[in-house]
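Dumping the structure here so I can ask a few things about it.
For clarity, chains are labelled A, B and C in written order, and residue numbers in each chain start from 1.
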Amino acid sequence: MDRALHARLETRFGELLLGPVRQRHDETEMRIGPGSVPEVLRALHDEPGLRFELLADLCGVDTGTDLQAVYHLWSETTGDWLRVVADGLPREAPRVPSITFLWKGAEWLEREAYDMFGIVFEGNRDLRRIYMPDDYTSFPLRKDFHLPDDASRSPGGGVRPMEQVGRPADATDETARRRSNAS
Amino acid sequence: MALTPEGTGATQAPGAGATPGAGTPDGPVPDGPVPATPATPDGPTVADDLAEAIVVPNALWSPENPGAYGGVPLDRTPELFLRRVEAEGIGRRDDARWGALEIVPTTADLVLDLIRANSLWPLLSGLACCAIEMMSTATSRNDIDRWGHFPFRASPRQADVLIVAGTLTTKMAGPLIRLWEEMPEPKWCVALGDCTCSGGRYKRSYSTVQGIDRVLPVDVYVPGCPPRPEGLLYAMMKLQQLIKDRRGHWRERQIGPSVPAGV
Amino acid sequence: MTTPTRPSLDDPNLTIPVDHAGIFEPIPMARTERQQEFYTLRDGEMLLNLGPQHPATHGVLRIVLKINGEQVVDLDPVIGYLHRGVEKLCENADYHQAICYTDPLEYIASLFCEWSPVMAFEKLLDVEVPRRAEYIRVLAGELNRIASHALYVGFFALDLGGITPILWAYLERDEIVEMLAALTGAKLLFNYFRIGGVNGDLSHDFMSRVGDWMSRAGRQVEAGTALLNENEILVRRARGIGVLDRETALRMAVTGPNLRASGIPWDVRRAHPYSVYPELEFDIPTRREGDSLARYLLRVDEVKQSLRIIDQCLHRLPDGPVMAKLPRLVRPRPGRAFAAIEGPRGMYATYAISDGTDQPFRMRIHDPSFIHLQLLGLLTPGNLIADTMAINASLDPVMGGVDK
């Protein structure tokens, strides 16, 4: 828990933060609005006192009401991980500016967040689905996408003809009788 | 190192039945409970009336028409040659006569069976973790070359058995079925690992096929996560026995889950 | 939504349209800028599909190559053929159950895949891990790292055409993994780490086997790699191919041996120490060239460092419990935790959010292979088709981790 980092972040980004900078164990967390993402991350990356040059992770989070985009950064100036949370993305049209201008490796991470949550990263040159097929219509990691309780019926069934679940053959069925005759 | 997060006064002992979403300022959870079941789930709906399991009678070999096996001229390939062959009974020399002769095998067929069984060339198609165990079966310590199965062919045209090793996802199901259809007869299929037998640990997942017998006709199932190489060796020996005994799914391959409804 | 009926062979009017057969994947429409640029073919260029089934793509990876003759002009990896929805499944399972979903991610290094979620949950629960458990974790982890690097050497040579090294690599790996099976009960998906420690203590059988193996290990590593380090074919196919320079490596968020082979000595075990690594003495090998050969040689150096660490662990193993006492159903306080470790491929990290219930609210798994596969599109253009495989093998992606 780096107190000096807390002070530095509060003084540098005071008006852009949506709440106080919080620290727990070895992580420091700051919350910003989605519009300030490029400015804040560029400052974190470039400024000599901060130098958060390593992007550790980029993900989306569905809090139940809103979506968030969460960035984890590492710098050699501090012993803490820095978590930047872009909070308050509306569910129907979540948009965040992309950070691929700073880290080209964020391209696939943003694609994954788009695929799983529907968060549109403006400025990402290749924003398309990465895990699910291109014509998939849902965003699986959202909280309103439910996995069913019945283990034998896969929720993947029904979207594509091949995924449709066939009915298990009953013991009295024609097929079972034929099978037992054949063997 | 303080244990409580800064800026919050709420302390709750873990494991003491903490109320979910209790509105602590550092939790991302809103004050109200997250709706457990929405009115209409977003995402693919599961049809209540499930389609019938497809039973594909293997019309190439049946006791009624032993001479049915044979290729189809190129000008007929757009049509379903299976049914045409069955209807017209193209009489060609049958090298893969399983039909009437499975009751009275001749010496030639016995030799053919032995040849096929002892030189099954698997297709090199490892999908996930079970592929590592499949390759471990192929390498020196558990040497599958002792049974003649070492050449893992990269091309499906040259392969005899498709060992599906690893979780099959709905995105990969298309290419895998294409590989299966590109393999020439006679061909067999081995389901390696729990994910291919029944969906395994991904039973509730939204993107996996719950067992490859929903899309492919399987001859031998190998349970395990991952099954030991000895398990795969046993399965290949079982498959060899199936080939020599001419048992199994040849005549009637059921595509579709074979678990009864009550289970 | 009308549910399409399945085709039946008895239907006299049956035709099998392409969609229903489902055996063809349509060429994607160029929806994004990058795709439009990719699918615009200039004179002499063609698209070649290195399909999801290919002997050399480390799993189900589909690469669409745009080639001009033999030279690769551009490259588009298509992933998702092994996406199993692990993050969603973890949200629907308990904390202890969620650990079980994580080890098939990078199945070759499965202890590392379990390690970072376990650390994240321990942070959420404020659980302190006993020192003996930490040492056992490091010991088992380093054994797994050596096994993973042995397979890397084997696959690297296999993709470049050599069949012998993979057989030797599997001999090495099988021996190590049988030791770990004596310890954990499984050969590949160990499921050994628990929140608060490990599953079971070491046994005499395991210790004697490890000691016996350690006395031979150094020489076995030397013998195995001597075959390849001086091999002209391997060296000429890997030297200077796929050069990754420092700035690009940082911009692509690369971690692990791929980063260290480009000259940046960054290792989570030293940059952000965890477990008992601060007490252990080991070096961070680094190379400056950044080509495929450097990535390969670096991993061989790492194996030697891992042997040092195992030696120290065996000598310093303290007594004590191997697991902290935790209830069956754990309910951490609402909060968030991020934990990162250094695995054989790079930095494995987990970001876990708890909402006070017995199931994780969000469990985000960050996997290094996912990041490194982007390098393929960056490093390959300009090289030949055969170099695609050399670069792919040197980056060491494991598709289970890429696709989650």
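Methods note: a residue touches a chain if its C-beta (ideal position, glycine included) is under 8 Å from a C-beta of that chain, and two chains touch if they have at least 3 such contacts.
The structure presented is a predicted model; accordingly, all values stated were derived computationally and were not measured.
Central chain (C-alpha centroid nearest the global protein C-alpha centroid): C.
Taking A-B and A-C together, the pair of chains sharing more C-beta contacts is A-B. Spacing of chain B relative to chain C, judged by their CA centroids, is 25 angstrom.
Centroids of chain A and chain B (each the mean of its C-alpha atoms) stand 31 Å apart.
Inter-chain centre distance (chain A to chain C, centres taken as mean C-alpha positions): 20 Å.
Counting partner chains per residue, chain C has residues 1, 3, 6, 22, 80, 83, 85, 88-89, 92, 335-336, 353, 403 touching two or more of them.
Multi-chain contact residues of chain A (touching two or more other chains) are listed as 24-25, 61, 131-133, 140, 145, 147, 158, 160, 162, 164, 166.
The residues of chain B that reach two or more other chains are 5, 21, 26, 28-29, 45, 47, 51-52, 54, 171, 173-174, 177, 204-208, listed in rising order. Residue ranges on chain B touching chain A, taken from their complex, read 1-2, 5-7, 21, 25-26, 28-30, 34-35, 37-38, 41-47, 50-55, 170-171, 173-174, 177, 199, 203-210, 214-215, 247, 251-252, 254-261, 263. Residue ranges on chain A touching chain B, taken from their complex, read 1, 19-20, 22-25, 61, 63-65, 68, 131-133, 138-140, 142-148, 151-160, 162-171, 175-176, 178-179, 182-183. Within the complex formed with chain C, the residues of chain B that make contact are 3, 5, 11-12, 14-22, 24, 26-29, 45, 47, 49, 51-52, 54, 56, 80, 82-83, 123-129, 131-133, 135-136, 139-141, 152, 154, 166-167, 169, 171-179, 181, 201-202, 204-208, 225-226, 228. Chain A meets chain C in the complex at residues 24-27, 29, 53-57, 59, 61-62, 70, 72, 74, 76, 79, 81, 83, 102-109, 112, 116, 125-134, 140-141, 145, 147, 158, 160-162, 164, 166. Chain C contributes residues 1, 3, 5-6, 8-9, 14, 22-25, 51-55, 59-60, 80-85, 88-89, 92, 100-101, 104, 107-108, 125-126, 151, 166-167, 170-171, 173-174, 187-189, 327, 329-336, 353, 355-357, 361, 399-400, 403 to its touches with chain B in the complex.
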